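Below are structures written as structure tokens.
Next come two complexes, and both contain subunit A; in the first it sits with subunit B, in the second with subunit C.
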Partner chain A sequence: MSQPAATKTRISGTAPPSVPVGKRPKYNRRELLTAALLLLPSMAIFAVFNFYPLFQSIYLSLHANDILGLPTRFVGMDQYIEFFSNPELRRITVVTAVFVVMTALPSVVIGIFLALTLQARIRGVNVFRTLMSTPFGFSAAATAVVFAVFFNPAVGVFNGILRMMGMDSVGWLTNPTFALPSLAMVCVWGNIGYTLLVASAGLQNIPDELYEAARLDGAGRWTVIRQVVLPLLTPTIFFLIVIMTINSLQTFGEIHILTGGGPNGATTTLVYGIYQTAFAYGGSNYGLASVQAVVLLVVVTAATWLQFRVLQRKVFYG
Partner chain B sequence: MRQRLVAAAAIMAALTLTTACNTGDGGDEGDGGSAGDFDGTISFWYAMAGRNGEAIIELVDRYNEQNDMDVQVEAIYQGNYNDTLTKLRASAQSGDLPSMVQVNELSTRFMFDSGLATPVQELADRAGYSFDDLNQKLVDYYTVDGVVQSMPFNVSAPTLYYNKDAFAEAGLDPEDPPQTLEAIRDAAGQLAGGSTEHGFVASIDGYLIEQYLAMADAPYCDAGNGRDGLATQVEWDNDVTEYIVDWWAGMVEDDLAVNVGRNNNNASAAFQSGNAAMMTFTSANLRDIIDGSDFEVGLAPFPKPREGDAGGPLLGGGSLWALAGQSDEAKDAVFDFMAFMMSPESQAMWSTQTGYVPVNERATELPEYTEVLANYPDLELAGEQLAGTPEGANTTGCLMGVMPQARDRMNDAVEAALLGVKEPRQALQDAAASLTSAIEQYNDSVGTN
Partner chain C sequence: MSTQTGLFRPSTLRSLPAYAGLTVLTAVIVFPLYYAVAGSVMTDRELTSFPPALFPSEFTLRNYADVLDAIPLIRQYFNSIFVALVVVGGAVLTSLLAAYAFVFLRFPLKNTLFALFLVTIMVPGESLIIPNYLTISNLGLLDTFPALTLPFLAMGFGTFLLRQFFASFPKEIYEAARMDGCSHMRFMFSILTPLSRPALAALAIYAFITTYNKYFWPLLVTRTPEMQTLQIGLSQLRSLEARDPGLILAGVTLAIIPMLILIYFFQRNIIRGLTSGSVK
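Now for the complex of A and B:
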């Protein structure tokens, strides 16, 4: 949703954290007051745009609502039970997990690969770097609309190419087997602009002396990448994996425009399920949608926490 | 240190000021919108894109230039019918409603139950307006409990579009289009693989099933199609519905029809590009489809499911609703604009630019209508089809608050059948069952209102 803003604030996270200090220094009251006052504006914004909706979601998830979506009466955990006993839940969970893997991993791998190739010291490499990071500048909606034309079963470019090669048309978005990979492809295309930029920035931080030293020691190109570049890039890789996981868990625009969660639910992820329950076809079941939103929050938090626990141990901050 | 403290205090002061402003704005919500102070501007949310959207804007421009009440209409495109309704619900929560909104036929019951609108009858009575020039049958559709609820501005009928060139090449008579599902299947068998890759195309759209059931004179939901009381379930678990879905799935399985998913535009693109030779589609885009095809387009009445079915097509499209909570002055302005949209001149222009039925019957006498009709004789077909629909609950469509969700569930059922995931009967049973709780919830919340 507010993805650009969110990632921008998180970019600072690539910087290595300061060395932890054993004892907490004492602040005097005056300093604390200043700190509180300076924090107040951002806390106020957080309160209005993050904390208030969060608590409102929890409130709504415990209440039934009328046809306009206004809460009517307290129903306790009923809607949570309804959600967890829904036979569709299993499929939604699997779809979400597969989608995250199919989107986040290629986004990171391709982004780093492109960043490495664009390290080459050739004329005009900056032109390519700029061109290749342009997808970052496109909104999800614009990207999806263009790809929708490419995927069109009758007049689309992709089927046109297949037909020219004498092959059968493919139901890119209408065949349940192809729909999720097609969707993931669009998202990966949109993501690599960003992963490429961040990976390039990470590569710039590796001092030239290290390359030189490695080369003097007789290391080949592949050894340099494996033994020097990738280990030094781990903070960036870690950051990208976390961001891309969260990003793909929250993907909405592409799904909404390209498949609407179909065919036959093959692309209905957790986030899209929230939309369908709350808004699609005059559903207005804000209670059940809020349950899903709370579950999504828990899932994203858990995934992020897990990644910090498992991956951060393997990160080398240099 | 001192400086920092001052800066922080300044930021805080600025923040308090802005929040104070915000609460000031929020305070207005209590007194029911902007009743009392009408500033001469009407906000009108509409749900038409492409050529039909342009025609709406043209009409609004004409009104803004012509009207002698010094009223300006601000037309705002809000996406398709579903998007518009979603936004309407959201703005109902914040109390910031438009003056007027275009809503599809499906959501009539919801609009009525929600109490969001002022019945058009009430505005018409204030203005001394008579509905006599309008097609009575169409006005009746939007009449609930004897009161006209909304203005039947855009009325369409489902139609069979076919490629006359492809028909001729396949050895079929271009002047004798198929009239039943079986006949479509036979024709598709001859057409597929000829000059067009596929014989038939239709997007997965529950709208078409609603229409087939009306053609078969079969109910869609219980309680007399929702007209004798609140419907409690849909009636999809029967032979005729199964027959229709089974026919469709068979067409796709045998490669006679192409499955283009749920997007209507994909169906019209397949037809117009000569990828499929026949298509079931609303009449609303007739001009667009004829003008955008480089072959001769034929139009035929919507097919009957089986030989001998004696029903008729339902009206489709949308109507204009006036939102509640407006001052008398604003109501009069809204109605003045509505009356303009229903005038013979406006309806003649609207109908000939789109393919919608001219709801004002005097529109068909105007030269701007008859001249276009000479070039596009099929413009009359939609009106003729609706006029031929026999009276009865089954041919007036199911009146149910959750119709939009029902259509979506029907889409699920058809899609599952087309993809071969489920047998048609099973798919219909599952979809009907999954809808029951939504109907209960709706009836429950309407009851407690």
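Now for the complex of A and C:
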């Protein structure tokens, strides 16, 4: 990074005579010390709260534990095998996958749809954009408790609307069929403020002339969207899909507040599984919980790595 | 943000359906916010009536008084904001120092070290939560402010963001300042920092929002209502949903005010942070 700066100073000054040619010190000692001091605060925090727990999670996942959660003996992959073969535990993987698809895809599609509607050339469109970004201001807990009021089977607005239309009430969060989609709906609402802002930013980068040119060629509105806008928006769409996938994988607050993983495990995802196995009901099965932590780690890291790769490409060729 | 980048042609008459469409969409999206605010001043009789009431017919502040009785909301408000500000200060400072080293200084293993910073972005906090909980517990820090702030005082994403920004900083200014005998610290704080305000602001807002909204970690490391953050306080209200919905909605309204101010007024800075590779 600072190559040019260093080269310049070296040319202007002469190398100290005591240093043999070709063996000049590559780094300046004072500069090394400064760099070390500047990196130290971050590295210290990372060492304690990122790198150590990373290895500790893997370590715990390979060890059985006593009732206090402390590791007792090495069991290798046994707990992984249990996690993927025990039908009750295996369900966590399925629930997680279904939840991610039901949350991430609608969040991205609705966000892009809203961003497209906000491309309308009318006065005050920014006011609409600002208002539509409202869910972004809602934390997981705020979102969850508002929807808890909506979902209430007896007095909630959702069942009120159903009853007004002459339909039967629904146990939004207590019916095993509805619980996961209801939860996904809450999270989608929470996400669309973010996805529409990012999609809008992506649309701003598409030059006006492209629309004009396409329109002059007689292309209709839908054709312009499909043939011009969406292809040019691909990097943004990809970014959003990855971010939303990671975000859904990490969802915790909405599940903890609205369903507690129930009914009967219908909404227990990986992150919620970690919490339940390690901390809920007085159970401290840190070994089995760490297996889920490591599985989550692998999936999220893979997704983030993919995103970095594509982002780099965008930086270089974009 | 220009409104002129239009996908659709302007025309006074044709903009009417656009207004109508956008108004309907906005109403649907904003409804939970509307309901939280409107419901917070409705009586519980009205809130639980059938058909559901959407407008307050009589105005009451009872719910606000009740929520302040139900949880130590003011104390939790203070906790949330204090913790968020400490994390913002700490994370911005450590990121600034580290990003400076990565961009302006020469040292061995630079790329390897930077890769380690990137690793911290990729690894989800939920995967580390058991050992981190044990660390905090073993240090005797459960239910304290250090428990809520310490793990977040360094931020891989912040270093990444500032490094990107500093990389495009004109090298001539740096060289000229160094030639004139300007120390690294002075250059960083009196030249670089003022010129990097947009990036620092984006980072600060991002750190504030993510910390203020945190849920899993504060849930684990706090025990007493006095140390809980606002988010955990809100979740405690959930059980009152059938009996006292107005109280919940008053709590939500109070809790989201700072966030709504941030996202409505600093949208441009936020988008900058969002689109540079952040993880929400």
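In the analysis below, the second predicted complex is superposed on the first by the 231 of 318 C-alpha atoms of A that agree within 3 Å, B and C clash if a C-alpha of one lies under 4 Å from a C-alpha of the other, contacts with A are read in each partner's own complex, and residues count from 1 in each chain.
Operating definition for what follows: a contact is a pair of C-beta atoms (placed from the backbone, for glycine too) under 8 Å apart; a residue touches a chain by one contact, two chains touch by 3 or more.
Nothing here was measured: the structure is a model prediction, and the numbers come from that model.
In the superposed model, A:Val101 lies in contact with neither subunit B nor subunit C. Contact with both subunit B and subunit C is seen for A:Phe279 once the two complexes are overlaid on the shared chain. In the superposition on chain A, no contact is made by A:Ile81 with either subunit B or subunit C. By the document's definition of touching, both partners, subunit B and subunit C, reach A:Asn152. Looking at the shared chain after the overlay, A:Ser139 reaches subunit C, while subunit B stays out of its contact range.
In the superposition on chain A, A:Asn264 makes contact with subunit B only, while subunit C stays out of contact range. In the superposition on chain A, A:Thr34 contacts both subunit B and subunit C. Counted by residues of subunit A touched, the larger count belongs to C, out of subunit B and subunit C. Once the two complexes are laid over each other on the shared chain, residue contacts for A:Thr117 go to subunit C alone; subunit B is not touched. Using the contact criterion defined above for the overlaid structures, shared-chain residue A:Asn50 touches subunit C, although it does not reach subunit B.
Taken together, the two complexes place residues 34, 38, 41, 44, 152, 154-155, 279 of subunit A in contact with subunit B and also with subunit C. By the touch rule above, subunit A contacts subunit B in their complex via residues 30, 33-34, 37-38, 40-41, 44, 64-70, 72, 152-155, 171, 173-176, 259-260, 262-265, 279-285.
Subunit A makes touch with subunit C in their complex at residues 1-6, 8, 26-28, 31-32, 34-36, 38-39, 41-46, 48-54, 56-57, 60, 114, 116-123, 125-126, 128-150, 152, 154-157, 160-161, 163-164, 189, 192-194, 197-198, 200-204, 206, 208, 211, 215, 221, 224-225, 229, 239, 243, 246-247, 249-250, 252-253, 256-258, 271, 274-275, 278-279, 286, 289-290, 293-294, 296-297, 300-301, 304-305, 307-308, 311.
Interface residues of subunit B, counted against subunit A in their complex, comprise 1, 4-5, 7-9, 11-12, 15, 19, 82, 85-86, 89, 92-93, 107, 110, 113-114, 116, 201, 258-262, 266, 269-270, 273, 275-276, 401-402, 404-405, 407-408, 412, 415-416, 419, 421, 438, 441-442, 445-446, 448-449. By the touch rule above, subunit C contacts subunit A in their complex via residues 1-10, 15, 18-19, 21-23, 25-26, 29-30, 32-33, 35-36, 39, 47-48, 50-52, 93-95, 97-98, 100-108, 110, 113, 116-135, 150-151, 153-156, 159, 167, 171, 174-175, 178, 184, 212-213, 215-216, 219-220, 231-232, 234-235, 237-238, 241-242, 245, 248-249, 251-252, 255-256, 259-260, 262-264, 267, 270-271, 274-275, 277-280.
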